[in-house]
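Both complexes shown next keep subunit A, but they swap its partner, so subunit B is in the first and subunit C is in the second.
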Partner chain A sequence: MRDKILYVLGAAALILLARDMVLITGFPPEINQGAIFKIIFFHVPMAITALTCAMVAFVASILFLITKKFQYDALAVAVTEVGLAFLAGNLITGSIWGRVAWGMWWAWDARLTSALVCWLLYAGYLMLRNAIEEPTQRATFAAVFSIFAFIDVPIVIFSIKWWRTQHPQPVFWGGGSFPPDWKAVFGWQMLAIMLVGVVLTAVRLRQEQFQREIDSLRRMAHAL
Partner chain B sequence: MMAFLRQVLVIMAKDLRAELRTKEAINASLSFALVVLLLFSFAFDPSEETTREISGGLLWIVFAFAGTLILNRSFARELNNDCLDALISAPIPGSALFLGKALANYVLVLAVELIALPLFGVFYNVRWTSQFWQLMMVVALGTWGMTVTGTIFSALTVNIRLREVMLPILNFPILIPALLGAMQLTSALVAGKPITADNEAWLKMLIGFDIMYTAVSLVLVETVLVGG
Partner chain C sequence: MYALMLLQASADDVVREMERLQRNFTFLNCGLWVAWLVLVVYVLMIVSRERKLKREIAGLKAMLEDKPRG
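Coming up: the complex of A and B.
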């Protein structure tokens, strides 16, 4: 049953992505930036998905520390990995855009820098997990670090914002305008990328579950 | 409350005494600070103008690297003879153990910094004392942030593989806002400009960072020490 839901969700995500892609290529190029502007349809949804993943990881880590149930630990590691992948996608699409619009791959602008710092924070989380063998200790320490990292995200964003800003003002909440049909496609694209995130997380969760089953079987075999 | 303070002081005194008798961490940290200061002189032309401009970045990188060596030893020192298990099972709260260790680390890291600072002035020919007390305040605040997260991560990494490597990998990204603020303020202060309304926000951020991470560490330290 769960497998079937997963397949359906995955298929829905793929169809949505394909449909959006066709629509997006059909749009006329943006007046100032040309075709490269359309990267926003991937860049922004990836950023939002990554941020959602960080929030879920934070909540799951707290729940693990309270309940000591391993499914929360599995959820935390699954969303962190998926979020890290999306954040990497966000950084890479941003870099490609910057090469065309600014003429350079990287600028030490506020948003770029804070995204990179967040990426490093959560990469540290995964490295910490890798370094610990014992499951309970791994889950506990990782949860503690995840809480530390999540609290840091707003401080990083604000401090680096004071430091410097070069990133274009957000199209949606400040300044710029988006024609209505673009807005609709953007909404669908947001949904599609979120769905990809959900499917990937579910797959990773299952993996984590199997891993635990294998571990317990192995322990049983050793005990015999 | 008094009992708690006494427990904190006992742990702190124990750590400082152990360190002052062997001097292993503080010697390593000091010589490392010297090496990094020396290396920086090759990285750029150490004229007074350029040095002033980047003094904040330079100093805090030295402080963070040298501090890591001290923080790494904080809990690792207790592994021999199972001292760590004894400390954890001792009838004191985990937060007292943590605060005691954090304060001991704080004193040691500050000591290294206060030696490195005049050395920086001598080597790079910079008169850094014109805003002495404000600079001391920034050093004190930035170092506390570094020590409090460093101490809890030292407890987190003490039992795991690659301990020495993991501490900076975990600690530095978390510290970026604090280091950034401290660097900005230090550069201005070394250049002789006092803290004004322009850069006051950094000071507030630094204080907020310290308070928040001290609170979160105190809440979570018991979980870390018992380790599930």
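Coming up: the complex of A and C.
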């Protein structure tokens, strides 16, 4: 049943993404930036999904430290990994946009640097998990690290407000504007990418359950 | 208005503008491909990991079933 729901959600996300691609391709180029502006339809939803994943990982890590239930640890690692993939997509698409808009692939401004630090922190989180064998110790250290890593998330979000950055002000809360039909497609695209995130997290969560099953089977094999 | 600007521009300007637009489209294309590629690569990684985990579970279960008999 759970698999069927995942397939349906995955298929819905793919159909939405394909439909949005057709609509986005049909939009005229933006007057100042030209066609490259349309990369926003991937760049921003990927960033929002990644930072939402970081938020879920933060809450799950706190809940693990309070309750010591391994489901929360599994949720934290699942969303962190998915979020890392989306943040990678966000950084790469942003870099491609920067090459056209600024004439350079990268600028060490507050937004870009804090986003890269965020990616490195969560990659470090996954590496830390691989380095610790004992499950309880691994989950505890990882939860503390995840809470620490989350400090960077508000810095990523508000860096463009707190400092003067090369990165433009946001379209929706920075005084920019979007034509209504673009706004609708952006909303659908946001939903589609969030759905992809949910499906990938659910699949990844199931893999963590498999891993726990393997651990218990190994313990049984050792006991025999 | 854009068409009017093009009408007033010289042939060189038009060529330059067309090249800029073409470059813009090429980079957009590249960006969209990369966005999809990141997702596809991650999905493939997840699928291959799932297969590996299932194989490992099946192997351990088979081993546990064999052990008491042995």
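Just so we're on the same page, the second predicted complex is superposed on the first by the 212 of 224 C-alpha atoms of A that agree within 3 Å, B and C clash if a C-alpha of one lies under 4 Å from a C-alpha of the other, contacts with A are read in each partner's own complex, and residues count from 1 in each chain.
The rule is simple: contacts are C-beta pairs under 8 Å (C-beta built on N, C-alpha and C of every residue); 3 or more make two chains touch, one makes a residue touch a chain.
Everything numeric in this text was worked out from a predicted model, so none of it was measured.
Under the stated touch criterion, which partner chain does A:E213 make contact with: subunit B (first), subunit C (second), both, or neither?
second
Check the residue A:W163 against both partner chains and state whether it touches subunit B (first), subunit C (second), both, or neither.
first
Should A:I155 be classified as contacting the first partner (subunit B), the second (subunit C), both, or neither?
First partner only.
Contacts for A:L128 in the overlay, against subunit B (first) and subunit C (second): which applies, first, second, both or neither?
A:L128 contacts subunit B only, not subunit C.
Contacts for A:M190 in the overlay, against subunit B (first) and subunit C (second): which applies, first, second, both or neither?
Touch status of A:M190: no partner.
Quick check for you: in the superposed arrangement, does A:V144 touch first (subunit B), second (subunit C), both or neither?
Touch status of A:V144: first partner only.
After superposition on the shared chain, which partner residues are touched by A:I96: those of subunit B (first), subunit C (second), both, or neither?
Only subunit C is touched by A:I96; subunit B is not.
Which positions of subunit A sit in both the subunit B and the subunit C interface?
The answer is that subunit A has no such residue.
How about subunit B: which of its residues touch subunit A in the complex?
Within the complex, subunit B touches subunit A at residues 149, 152-153, 156-157, 159-162, 166, 169-170, 173-174, 176-177, 180-181, 184, 201-202, 205, 208-209, 212-213, 216, 220, 223-224, 227-228.
Per the contact definition, I'd like the list of subunit C residues that touch subunit A in the complex.
Result: residues 20-21, 23-25, 27-28, 30-32, 34-35, 38-39, 42-43, 46, 49-50, 53-54, 56-57, 60-61, 63-64, 67-68 of subunit C touch subunit A.
So in the complex, which bits of subunit A are touching subunit B?
My answer: residues 65, 68, 117, 120-121, 124, 127-128, 131-133, 136-137, 139-141, 144-145, 147-149, 151-152, 155-156, 158-160, 162-163.
Quick one: which bits of subunit A touch subunit C in the complex? Just the residue numbers, please.
Residues of subunit A touching subunit C: 21, 29, 33-36, 38-39, 42-43, 46, 82, 85, 88-89, 92-93, 96-97, 99-100, 196, 200, 203-204, 206-207, 210-211, 213-214, 217-218, 220-221, 224.
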